[in-house]
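Heads up, the next two complexes both have subunit A, just with different partners, subunit B and then subunit C.
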Partner chain A sequence: MLDILVSGLLLSGTYALVAMGLNLQYGVARIMNLANGEVLVLGALAAFWLFTTSQVSPLLTVILVIPVAFVGNWLIYRFLLTPLVRRSKNQGQLEVDAILATFGMSFILIGIMVSIEGGFFAYKYLSEPISILGSTSSLNRLVAFLIAVAIGGALYLWLNHTRPGVAVRAVAVSTEASGLVGINVPRMSALAFALGGAITAVGGALISTFITLDASIGVVFTMKALIIVIMGGVGEIRGAIVAAAILGLVETAVATLVDPGLTLAAAYLIFVLILLFRPQGLFGRVSS
Partner chain B sequence: MIRRRLFNLAATAALAGLALSGAAQAAEVIKLGAIAPKTGPLAGGAVVTQWPNIQLWVEQVNARGGLDVGGTQMMIELIEYDDKTNPGEHIKLAQRLAEQDQVDFVVAPYGTGFNIAAAPIYGRYGYPMIAVSAITDKMDELTERYPNLFFTLGTTTAFVDGVKEILVEQREAGAIGNEIAMVNVADAFGIELADRARELFTEAGFELVYDKSYPLGTPDLSPVMKGAKDSGAKAFVAWSYPPDSFGLAEQAIIEDLDVSVYYSAVATSFPAFGDAYGGKINNVLGAGGTNVDDPAIAAYRAAHLDVTGKVADYWASANTYAALQILEQAIEGAGTKDKETVTQYIKDNSFDTVMGTLTFENNVSHTFWSVGQWQDGVFRGVKGTGVEGAVPVRLKDGWVE
Partner chain C sequence: MKPSGWQELLLAALFAMLAAFVPLVANGYWLSIAVTAMMYLALATSWALFSGPTHYISLATGAFFGIGGYLVGSMMSDYQLAFWVPLVVAPVVAALLAMLIGLATLRLSGVYFVIFTLGLAEMIRNLISWIQNNFLGSRGLYVLTDLRDQHIYWMLLAVAAVVYLLGWLINRSRLGFALRIIGNDETVARHVGINTATAKVILFTTTGFFAALVGAIIAPRWSYIEPNQVFSPQLSFLVVIMALLGGAGRLWGPLVGVIPFTIIWEWVGVQFPNQSFLFMGLAFLLIVYVLPNGVVGRIEQLRARLREREA
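Showing the complex of A and B:
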């Protein structure tokens, strides 16, 4: 039982890392970013590459990745996505355009990554056994979990207790109204998109310490992130964290008590149930 | 004036060069098509096993002046496509190779499913197809239906048999009991092997005390490994794919899985597996194997590293290269680009390759490694069919470096 709780929570941390970035990008900047998984794998590639070529600790890479991914994503938003935002007349059109644009972008990113490393990003870092409440787990998963908690907590405080954070939340609620009260909507959207990309890349660098990734695996993470974001409620950081926790715990419980083969089925069952009974997500508002 | 003269000279030289190379191209090129994943789920395996060997072989053949086809030296022109690990894409591209690029010969696809899916289209165009990365028990049926299709890497049963033999030997030696913990990845490959293993292991008197599957791409395999550990079995068998072969090894180290026999299937033989886990995975068993002490294999591995910059994997790499050598010798032996004649030549002759002398019996070659083991940094073959140099199996003793 304790095994399930510990493993489940650690897995939740992984899922939260995967989903928090997309939540900001989709919730605030309103970009359904299908290249989200590729940005994550890019973070993983950075960690793998720096570790295997020059023995740079992945934890140091995490810190290096933040400014690079932030600037990279800001540039992507500024030059690739802003024209789409400008020309779209409504949310629906922007979503379609963003999906197509970022889908194309995902192939470019995959191509770049394959040209750097086409095989598996296989390396080992902090894979030391540790005992948490009598249950065996690994140090790298714990580290990733703790950083996920730190990022989630910081993000929550920032969104609720600072001026830019409140402005970001206002944009998430309504772009028109926040524009009317003097919030620089394009700037806040760019900020949210860049921040989301940075968090995703950090997640990738951390995840690569315990999951062996390759250049093409991004879509798996995009899908998982999408499920979590929609389950939790678009633009709701609490929602994403709670949804990640539910998914992690349920998957671990099913794998331990029933059959590991049914974890995917269980995850999608919860997803369907939430869509049926609470289509706006756990913490989402009903859109007017 | 001088400038004009120089220009004229250059133009004449260029023209002459063009004419020469034009004549050379018309007479001396043989087109080879290769379609395999560079992106998608199977790309990680294909860039280790498939693509570097194609590169190596084409470079080597061209360096010695190309193929001798009936007295004419022909340089190989390679046309490669990424099938994105999508069978539909592969078939479309295969059609393109045949119709538009009009290649003379092809390299067989990567992956069991892809070889079976693409056999009809390559068969229709009459290409001999020497499949390597394809393991199935339906070889007789398939080769009867597609007479151009050849198999070289062994059957499902042969692979399971290799593992079974080791388990039986170790039970007789008293290292393990009757209990086995077995897991498999829930896709066609894992399910077929696990089904066969369930039959063969039970026949041999073993009891599967833990027998579970997990979906491809499971992010956390710790519940699987905890379950296997709790079963108390001293033998662990995983019919796994990359990346879960890595994930299972990682969890076995974390959980300090107490077994004497540990086996995981695909990717255990990859150099990246040894690089990542170092001494901790010493004495881990896996699908494949090779005999690094064999001079032909050693020379091949050195050339592979030299040309591609990568260490060859310890399994299907050598078979992939051998399949290309068969194609090379068949084209030169038959002395023609005619596909039918070359196909018949493959059926009727034996070939001198890095895997030794290979012959086909009803289109199937019975020379392959089935189980290997990491022994002090090298993955050596311990079980195989028609191969020499198998080393004795060692027992897994902890996960400490």
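Showing the complex of A and C:
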């Protein structure tokens, strides 16, 4: 029981981080990014590839991945998604276009990743057992959790206590009103999208230290991140943290008590319950 | 989109009659491509019944299709039932599931629906693998029938024709009119008194029914059924690509997309077996950036421009 609690919570740290990334992209830039999971796997592939070919520590990769993923996502937003934002007449049309475009990107990313590494991204890093509160876990899970908490905390402080952070949050509340008070909305949206992508890739590099991924697994992580964002409420950081903890715990419980193959089914169960009883999310407000 | 007239129905009937002769002239390789194309045509046309007017991207096709194929395998192999039993049962099961999914998600914004259907095939596959391994024993599921490629082809053609006819009737009915209003502006639809959720659920249930029927009909082609093979998420995406490439705004739009794409897809599979993902991605980008209303939409746009110039 304690084992489930400890490993569930450790897992939820990285989940929360990845969901924050998606939250920035959907909540601020208003792009439903279904290539999110592939960006995560790309981060994992970077960690795996650098570790196995040149023994670069995945922790160093985490830092290397940030600028690369930031620039990459910024370019995607600027050149592929901005035209869609401009041509759409309403939010509904943008959503459909964004969904189709990011599907396309996700498949292209899978195609590229398969040609780099077709098998599993299996490597061992910090996999010695450690004991937390009397339950056994592994060091890499703890390290990943701590880094996720540090990055998530930094992001939280940035959003709440700096000028650009507040501007980003203002865009999340209303694009029109933020434009009126002199916020450069397109620039802030691009910033949020790029930052979200960078955070997602970092999450992927972290996850790869304790879960073995492969090129086509991204969609599972997209689903999980989406479920967390919906459960927590779009744009709610505290909500995402609580939701990530719930998902991490439920998944770990199902994996240990029933069958590891049913984690996605467990996530779906949560999803259905949320849709039926609190579609605005645990912490979300009912929108007009 | 305008309601299709009698002329269009007549053309479709003519096409169906011509298509019925294909197995008499084609065999082997080309017949097998024809079967695949007919399968996608039935799937894409029924997909467009719901997603065309509402603009909701459904990715549940693979899940319903898989239910059809899996139930055929399970009922024939585990319970020694005749082929027609799952052929009747599977679509009903899938329709019920589609109705439940629709009731849970279609009352809310479209994004929730897309997300829900995104992982659906994968989730059902996990669930069925688990049930099979723990309760049914992991035996192989064999589908042994006397049906040959041409029989499967004719059955699929019949399904496609029924779907087309149904779509034509819906377009002319109050339901079709309601759906077009929902697709244009859902708020307006609600304000003029349309029960938007009910209309959407009915249509989505219909597509679930036909996807499972197609999955059940095509099952004898494989003779050996595995959950990993019938619940293919890729199928859902291919159907979306084909329907949108042709143009989901018209009943015959998917037809325009299915035939060339099936042939190109076969060719890609042979020439670049490891790059199928890349091609799928490029196809999506092509749709979004070059052909947002499909080939049919582009042709209609060009015709409208020509008419303007003449006037």
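Annotations for the structure displayed:
Going forward, the second predicted complex is superposed on the first by the 272 of 288 C-alpha atoms of A that agree within 3 Å, B and C clash if a C-alpha of one lies under 4 Å from a C-alpha of the other, contacts with A are read in each partner's own complex, and residues count from 1 in each chain.
Quick note on the criterion: contacts are C-beta pairs under 8 Å (C-beta built on N, C-alpha and C of every residue); 3 or more make two chains touch, one makes a residue touch a chain.
Note that the structure is a prediction, hence the values are computed from the model and not measured.
Following the overlay on subunit A, a clash is recorded for the pair subunit B and subunit C. By the touch criterion defined above, A:G134 reaches neither subunit B nor subunit C. In the superposition on chain A, contact of A:G182 is made with neither subunit B nor subunit C. Of the two partner chains placed around the shared chain by superposition, subunit B is the only one that A:I211 touches, whereas subunit C remains out of contact.
Of the two partner chains placed around the shared chain by superposition, subunit C is the only one that A:I230 touches, whereas subunit B remains out of contact. Once the two complexes are overlaid on the shared chain, A:L276 sits against subunit C while remaining clear of subunit B.
Using the contact criterion defined above for the overlaid structures, shared-chain residue A:T252 touches subunit B, although it does not reach subunit C.
In the superposed model, A:G261 makes contact with both subunit B and subunit C. When the two complexes are overlaid on their common chain A, residue A:L34 makes contact with subunit C while staying clear of subunit B.
In the overlay built on chain A, none of the stretches 219-227, 237-245, 255-263 or 291-299 of subunit C clash with subunit B except 219-227. Counting contacts by the rule stated earlier, residues 110-111, 114, 118, 216, 220, 259, 261, 264 of subunit A appear in both its interface with subunit B and its interface with subunit C. Of all residues in subunit C, those touching subunit A in their complex are 55, 57, 104-105, 108, 110-112, 114-116, 118-120, 122-123, 126-127, 129-130, 134, 186, 233, 237, 244, 274-285, 287-289, 292. Those residues of subunit A whose C-beta lies close enough to touch subunit B in the complex are 3-4, 7, 10-11, 14, 110-111, 114, 118-120, 122-124, 127-129, 136-138, 210-217, 220, 251-252, 255-256, 259-261, 263-264.
Interface residues of subunit A facing subunit C in the complex, by the touch rule stated above, are 32, 34, 83-84, 92-93, 95-97, 99-101, 103-112, 114-115, 118, 216, 219-220, 222-223, 226-227, 230, 259, 261-262, 264-265, 267-268, 271-272, 275-276, 279.
By the touch rule above, subunit B contacts subunit A in their complex via residues 38-41, 43-44, 47-48, 51, 85, 183, 186, 212-215, 217-224, 226-227, 242-243, 246-247, 250, 253-256, 267, 270, 272-273, 275-278.
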